[in-house]
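So that you can tell them apart, the chains are marked A, B and C in the order they are listed, and the count of residues begins at 1 in each.
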Amino acid sequence: MATAAMSIKRRPSALAALILLSCVLVLAILVSTSVGAVHVSLAEVLRTLLHPKEATESGVIVFSLRLPRVLAAALAGAGLAATGVLFQGLFRNPLADPFVLGASGGAALGGAMAVFLFPTVSFFGVGASALLAFAGALLTMVVVWTLAGSRSRSTIENMLLAGFAVGTMLNAGTSAFELRQEATNPGARILASWLYGQIGIPPWIQLAVAMTLMVAGIAVAMPLARSLNTLALGEEYAAQLGVKVGRVRAEVLIIGSLLTALAVSLGGLIGFVGLLVPHFLRIVLGPDHFRLLPVAAVGGAAFLVIADTVARTLIAPTELPVGILTAFIGGPAFLYLLNRRKGAA
Amino acid sequence: MSAILEAQRIDFAYGSRTVFERMSFSVEPGSMTAVLGANGMGKTTLLNMVAGLLRPSNGRVLVDGRSVLDWPRRELSRFVALVPQHLEVPFSFQVEEIVSQGRVPYAGRFGGLSPEDRRQVEEAMRAVDVLRLRDRVYSELSGGEKQRVKIAIAVAQQPKLMLLDEPTQHLDIGRQVEIVRLLRSLNEQGITILAAIHDLAIVKENFRKSILLLDKACVMGTTVEVMRPELIEQAFAIPQSELPAFDDMAFTTPESSRLQRDCRRKRPRSKTSK
Amino acid sequence: MKKPITFVALWLALAGFVHASRVVQDETGRSVTLPDRVERIVCLTPSVTDTVYALGASEQIVGISDFTMYPKQAAREKQSVGDILKPSLERIYAMHPDVVIAVSTLNSPETFRGLDRIGVAYFLVHGRGLAGVYSSIESIGRAIGREHEASALLLKLKAREQAVRASARKRKPVSVFLVVQLDPCITAGKGAFITELIEASGAKSVTDDLAQDWQRVSLEAILPRHPAYIMLMKTAPIELKDMQSRVGWKSLEAVQRGRIIRADDRLQSPSPVAFDGLEDLARTLESLK
């Protein structure tokens, strides 16, 4: 019965995957930067990047308009995919995506509150909006974990229902905020683009801060990823093996919420990236969270850069919010996974 | 020789349901001891308490002469290994990855495996005879194979005391024999074994010592002593006519069985008083 | 493709040295530095486009927004930079405008940030209602160096408004219920431009007390207000029989009697073209007698 085909003999090296996906990411960033309403060839993009001081027309377009957006997509994708790996490990469930669990919704609501309550502080920079987005995501995850994550009731149904309930409340709250304002209010506009999952053009300073926090967050999460492997045996087993389960859980929730908030402040509610990317990488690399985490971050970045490029060229000149595209790809994939797991259970 | 494990007058309750009341027992190093008792008498609770996962409300559990609560967690994990009854693992983790978790108590600050760790994992898999399964996905294994992998994790912990919760349950007779042989060989290598086991025949043939959990308390001694029919009858609440016939056991007299029935009648009263 | 752009860039750089620049205040109080002679204009809303056309500066327009209806030739003649909310900053940049004219309450702050970032000057108008139309004409005239044309246009438009109001005063005001959408029912409130024009034309909107510009209303709230007429936009896909077949709507007297007024879509554009719509509506009301 045990055939060789049933098991994967030697799993591919994570380092090789990391290098390969990094190349894909760089290529995707270059190609994506050359695509847009005004024609800029790939060669021009390269020349511009190599000589950033020369103030040419394509230089302005590349540096002021395209590259920030492409990098925002990359960072958002990295954050969502890394959060997916962390939450899936914590919930011991491949369906635990920050969007599905409601963390993204929590971040959006928090960010929205900041936009309406303290609009003067900052819109997109590292102001009240980013902080409240983080608080919103964290609070949501604590609630969802309390409702569904504790070991006595950690079923798929509970997790999905809790995520659904909290997510719906958050969406309703966000819509209520929107209704309180005139449609012409700047806050309402920002919110609308968040709800659709539209990647904005962030200022360079925001990109730099987001990049720093994201790299730091993922670095801190690496030892946690090892603990998540032990947690796969169950919380009690992990505790018996010396893992400080409560602490690991708190740290995973905090870092996951941070990465989610960063992603939401760059691109709004983009669903299923945290589900699709880890799932496919898990098929190739196996489930080891330590191997998976950095590869998923780079893979998620490449995925979202490509998806955003497709989204803004698919029905050009109108730009499709990338969140709509990922929902069309991710929704069916999610249902497929759900069905397969139910069949196995 | 001092005991490797000693329970001193421990109390434990799940909410209002008392499981142990001033219970004491001890386990000698190098022994192979069975924990017997009816369902709900607290076999799993007892093992979890020794592993430091549950704490008694009163009394102390001493491991190697030191209270379990005073042990640094990782040190305790290197001394005591618990093999739980069930282990379901999500995702397609391979056997080697699962067994490697037994090295977590030895891992450095960033949790990587040293060459020594890898050697110990390999040794553990060899000792438990799961080396040929190392690349197989755990969740696709058979019940007997999973049981072996669980024991391999414990072996990789290099413990002095191994706790096993129903290691032979749900296995066919052939796999049961294999597991018991494995436990005996581990015992011969110096690991003290404390296992909760349902099957009295297995206990009788393989475990020299036994702890029999009665209502809130326990009886301990050699297996032959503990397996007196009147105790077994009381512990498992079996009608006398269906008591398994052990050839070297004396049958109970009518008087003693009446006495035991009286004991049983008292139980509900003591529960309602709680 | 590239060479002309380089040439244009060079030419613009030179032009920057040759022509003196001036600083004007836009309607939000920002100081905007503009060349003395504004040669290239991008209009980010249809109403701005209409206003610039009316000021006779159509030659200077290099880009407009999607869905520009008035004047009719604008959409034919001019290239669009995209919709009001998300115009393509790249296209705007490539057009090398001297100024982008936008509406602070209509275009998005994200667009303004993008324009800041690529260093394109933009001039914001702000106003609401008829007063806003007048002030926008005056401000835009100032921004593009057409002050005289702006004053002349203002005189003409104000005279037209007065004429309509004067004839309206001779009539008894009729109450109308503007139905923008049937299901759910959406109407215009106090702040909407069209509500003010309805009033100017000598009618009274029964929903002129609602707080939001565009608001959902329940029919229950309308019934006791007894509108004499239902007002529909000419392009709205709503027919009398749609309302006659609906519970609730049937009980409105205006529906029972088939009293429908069709209003011109120009009434919705806060720009000179609205005055055509206003006169059209006044004529319709006149013909009711």
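Assume a residue touches a chain if its C-beta (ideal position, glycine included) is under 8 Å from a C-beta of that chain, and two chains touch if they have at least 3 such contacts.
Keep in mind that this is a model prediction, so the values were computed, not measured.
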Graph separation of chain B and chain C (steps between touching chains): 2
Centrality ranking, top chain (CA atoms only): A
Farthest-lying chain, centroid of Cα atoms versus that of chain B: C
Maximum inter-chain contact count - chain pair: A-B
Chain centre separation in whole Å, for chain C relative to chain B (CA means): 82
Centroid spacing, where centroids are CA-atom means, of chain A and chain C in whole angstrom: 40
Distance from the mean Cα position of chain B to that of chain A, given in whole angstrom: 44
In the complex with chain A, residue positions of chain C that touch it: 1, 5-6, 9, 82-83, 85-86, 88-91, 93-94, 105-106, 108-110, 113-114, 117-119, 212-214
Contacting residues of chain A [partner chain C, same complex]: 36-39, 56-57, 60-61, 64-66, 123, 182-184, 186, 189-190, 193, 200-201, 203, 317-319
In the complex, chain B residues that touch chain A: 48, 51-53, 73-74, 76-77, 81-82, 84, 87-94, 97-98, 101-102, 104-105, 107, 109-112, 135-137, 140, 153, 157
Chain A - residues contacting chain B, complex: 2, 6-10, 92-94, 222-223, 226-227, 229-230, 232-234, 236-244, 282, 286-288, 290
